[in-house]
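In this document, chain identifiers A, B, C and D correspond to the written order of the chains, with residue numbering beginning at 1 in each.
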Amino acid sequence: MKVGIINVTGYAGMELARILHRHPEARLTTVTGRSLAGQKLGDAFPHLRSLDLTITPEIDGSVDVVFSALPHAASAEALGPLVKGGVKAVDISADFRLKSVTDFESWYKVKHPHPELIEEAVFGITELHKDKIAKTRLVANPGCFPMGAILGLAPVVKAGWVEPAVIVDSKTGISGAGRTSDAAYGFSELNDNSSAYGLGGHRHEPEMTQELSALAPRGEVSVTFVPHLVPMTRGILGTCYATLTGSHSQQEVVGLFREFYRDAPFVSIAGKSPSTKQTWGSNDCLIYPTVNERKKRLVVVTALDNLVKGAAGSGVQNMNVMMGLPETMGLEQLAIYP
Amino acid sequence: MKVGIINVTGYAGMELARILHRHPEARLTTVTGRSLAGQKLGDAFPHLRSLDLTITPEIDGSVDVVFSALPHAASAEALGPLVKGGVKAVDISADFRLKSVTDFESWYKVKHPHPELIEEAVFGITELHKDKIAKTRLVANPGCFPMGAILGLAPVVKAGWVEPAVIVDSKTGISGAGRTSDAAYGFSELNDNSSAYGLGGHRHEPEMTQELSALAPRGEVSVTFVPHLVPMTRGILGTCYATLTGSHSQQEVVGLFREFYRDAPFVSIAGKSPSTKQTWGSNDCLIYPTVNERKKRLVVVTALDNLVKGAAGSGVQNMNVMMGLPETMGLEQLAIYP
Amino acid sequence: MKVGIINVTGYAGMELARILHRHPEARLTTVTGRSLAGQKLGDAFPHLRSLDLTITPEIDGSVDVVFSALPHAASAEALGPLVKGGVKAVDISADFRLKSVTDFESWYKVKHPHPELIEEAVFGITELHKDKIAKTRLVANPGCFPMGAILGLAPVVKAGWVEPAVIVDSKTGISGAGRTSDAAYGFSELNDNSSAYGLGGHRHEPEMTQELSALAPRGEVSVTFVPHLVPMTRGILGTCYATLTGSHSQQEVVGLFREFYRDAPFVSIAGKSPSTKQTWGSNDCLIYPTVNERKKRLVVVTALDNLVKGAAGSGVQNMNVMMGLPETMGLEQLAIYP
Amino acid sequence: MKVGIINVTGYAGMELARILHRHPEARLTTVTGRSLAGQKLGDAFPHLRSLDLTITPEIDGSVDVVFSALPHAASAEALGPLVKGGVKAVDISADFRLKSVTDFESWYKVKHPHPELIEEAVFGITELHKDKIAKTRLVANPGCFPMGAILGLAPVVKAGWVEPAVIVDSKTGISGAGRTSDAAYGFSELNDNSSAYGLGGHRHEPEMTQELSALAPRGEVSVTFVPHLVPMTRGILGTCYATLTGSHSQQEVVGLFREFYRDAPFVSIAGKSPSTKQTWGSNDCLIYPTVNERKKRLVVVTALDNLVKGAAGSGVQNMNVMMGLPETMGLEQLAIYP
């Protein structure tokens, strides 16, 4: 099985290369990148020097599956012809996540290059859409924030146990911003520093709203989402707040989560408050729901590695399902701690 | 004016020494510490070597004002006789914050050593209780989390503009845990790592509830408070979520905050999302309120240095007011950035 | 092949468990620990929850190979009977590294529990002693600092190209101090902070002296070694300074290194100055020699992960060689970057 | 006394503004910046909002003293006319540090705009050149690395106690690179990472060579200098290695240092190994010399804040001396720890 990565030079692209290098069924045969085209992958990124590949401007040769880690719009533009030419694709960008092209164009301020492919694209949370992913040729991998937020709220939203207005307060490591030359992401600016951003509305909110609303028995879920930058390289800790509709106990809620994720190899209902580093480099999502019965308050904490379960890892998980391979293939590596 | 610090060897105690060293009216004459008694202050803590003081087991000689940075219960025990002997006191511990001795004993699992002093103690948020602080002999300095949360919500709670159920999601630097030998606070455990804690109930919640409820026109405010550890040394970023009762605009809310803190030299209503490092080493609290009118959602972000405005700095601010000095004396130093 | 880990609860022990979990020929069957005995491994350390093992006070059942990550003296005491009972052993502690029992007892201030095993123990730098490791039943894994220092200087010392007085200035991540409850290793103390230590003499210096002197054509090498704590979790950057005896060019020196490590799968002569994170979680050692011909100055920079190539990874590498397996088995994982 | 800062928008410029704000005799009246000209200082940098100044493209109005924090060449170009017009100047850039214009042009690859001013410029280590600084109109503030290296070696070099070949291994926080948009200085690249750079020769080496050689009784000192990036915002830890010419004891060497810096208010001979954070935000330089008599090896560790004693703080110290004010004025603030 030959695999290509479009835009290997960002953090998600690099991480795809790292994971695919050890995948027993996938052979990485071509990697693209604009500014570094012509360089050996191992010269540009020394930790990938075991991969004997040269960065090319475009996909080189035929592939069975392609990942795109390009920015939005550019990604759909590159994937359109490939998908139509029979290549299965996992899009790490935002282009095929929102079912409404109007919403996409309003949030991303750009015309969608291939709106005709949106309908068949499957939102890539394997835990929710495994059957559809197995049959599609185009997976829209979710944003890093929605991955944790949706996994953390899906069981109670689907069960109708919470009021529709939910709050997601996420703390992300800086690699979520990508390999950027923006001075605001410099070490001296962000080290020992925390801040909220996107307070006027963040592009990952409509993904959460779309997916949670689709699960809710009684229509739309309203999500207040505030992302925060905290000084770590990897990891997203999401704290989700909801109001319980009835008098559900801690035990009932934990039981609901365990049942919901019974067959999900990468989701683990934690016995105590999880920390992001427990997922460093692994495809795990740790979920910890807690109930304050007196206040009817549900707080769900989720932890994952934004570049693995939040991007490249779940991308490979989706590829596995799409290609009929075991869901966990190539993703068995434990988290690196400390 | 002679000043003493009980337990100078913790982070709040050290920070009091640092600030008082440059205070034009206060002369630090005695500092106590148990394990390091007998050592020169500058041998134990090289950054304080300009202060020519020896750590003693008890307050040495007469003082006009005393700060206690002891743990709870021990603090009240040490302060009781001093206050009764005519020394003015600022208690950095939790002992005199809660007006209900039952609440105190239930949250802190210890018998209160001097319940008879609780009534006269004033909760030390200068911005709210300046007049009372000017007349008291005992200030109960607030917890580091309540400082930001109460300042961030006080204007809208007092105006009756928000529903009583509020959420406070705080991200704290590790120095909030004090100078501890607990392995869980080791560098390797916490670096590049984030987690939530206190999910079963944190001791700073009743302070928030007490103070905000006292401000609310219609009785009790219900606070859901979740603190998080993020990998920075100093700083607390608090994100407060409330539901607006009416259709208040962003502009109205900002106007309300500006008016409320018109005479507060250390509170600044920020023009954009603040970051904790903008307050490093200073006594500032930055507040940034944002409104989503469609969702009737208010989000207030607050940033402060947990060891300064969250402890030692506000302690000195309270001392200034208590002693009839200008509120800002000795606290004019700008934040150190980056 | 059944494998046990004595003292899985420190960072080196945990890391052995992580690596062995994915080793195709080794089955981890027993892990010991004192304070956490009786706990499930995954309850104590959530990132290891896929390993269905309970921590026991002693090795449980028969094993073919055992790793000891106990402190010095305790390690030899535990390994003595096992080795004599026919179990092959890799000792991560310092007990069998120094060939002189007098030196050991003088540096470590303790009587050696099994001096009779010192002679047969092989110093575990696979790149230097592969043949002997293949035949021994006891490997003394080197200290984390000596690994980089010896690999970085061995080629030029063996070739007689440098004066005998060398300097090793190492910068280590904090995990090198282990999972400790010492307040001096707290996050708030070490974050954003650097310092030198061991200036009166560090225990890893005699290892460097012993191994480099054994390679030197003309007797003893004199090592000045100064370790430094820098605020990162993993990684050792070693900067080695030597004076060239002749007029060797940059190109000649690089050629010497490439030739020396031609068959070493985990040593890479870097094309530009390496950084520690390029080895995060991998068993690689990156080496970058530079020559200033005018000053006859050689500077060699080495980078490795102190818990992998500096401890658990090289331990597994040695186990592979000792058991007749391919040297790289179970160690192919790429570094995780960023 | 009216003071201006040219290029307030870099880290050294900002730090000058922070320090001068609290200086009792200096009034900051004008600050320049190119990209941010027209903005209020407090809008661009919230921690400076107490300074009611607008950033202008050029110095606005007459000043008595000017600081330039421009890059090299641009700095001399801006200062030339001002100095000739009677304004006293402290140049934070490298333009007037090297006495040889040939050396300057060879290291910096640019033609010097005002070579005629080099001779009268005084190298700004107050501890060495106080008398000359008191009489000059132009101070060339040293580089951040040379400050620690020269202070750490000056006493023994001047006394002729060490061989001429010395090694300086420095570890710097990232703010030394300035407020840059270079992707290589991004948080995700540098966090939890260390590396050496400038191995082919760093521009601060000729400053060290020039100043130490001028002190040496027997001609030129040869400096091998290797700077390292370590993941902290501020601070330089310098480890200097020299070979003692005679059998000087630890006690003699410490005595020499104490005597040499007897009248230096900002230099402190530390009683134990210092750490960089003990100088955070202060103008202190901590020096810790250690001797290994058997090896005739001297190791001197120095710690300072690269933006204060390594730039803005020593700049203000020089200004004080140049203007006839007490050396310590405005610089008494203690380090902020932790």
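Some notes on this structure:
By definition in this document, a residue touches a chain if its C-beta (ideal position, glycine included) is under 8 Å from a C-beta of that chain, and two chains touch if they have at least 3 such contacts.
Quantities reported herein were computed from a predicted structural model and do not represent experimental measurements.
Among the remaining chains, those touching chain A as well as chain B are C, D. Relative to the C-alpha centre of chain C, the farthest chain centre belongs to B.
With centres defined as mean CA coordinates, chain D is found 38 Å away from chain C. Averaged Cα coordinates give chain B a centre that lies 36 Å from the centre of chain D. A straight line joining the Cα centres of chain A and chain D is 46 Å long. Residue positions of chain A with contacts to 2 or more other chains are 11, 173, 175, 188-189, 191-192, 231-234, 274, 280, 338. Across the interface of their complex, chain B is touched by residues 165, 167, 169, 171, 173, 188-189, 191-197, 199-201, 222, 224, 226, 228, 230-235, 237, 239, 241, 243, 273-277, 280, 288, 290, 292, 295, 297, 299, 301, 303, 338 of chain A. Residues of chain C touching chain A in their complex: 11, 14, 18, 21-22, 43, 45-50, 175, 191-192, 233-234, 268, 270-271, 274, 278-282, 286, 332-338. Chain A makes touch with chain D in their complex at residues 11, 173-175, 177, 179-183, 185-192, 231-233.
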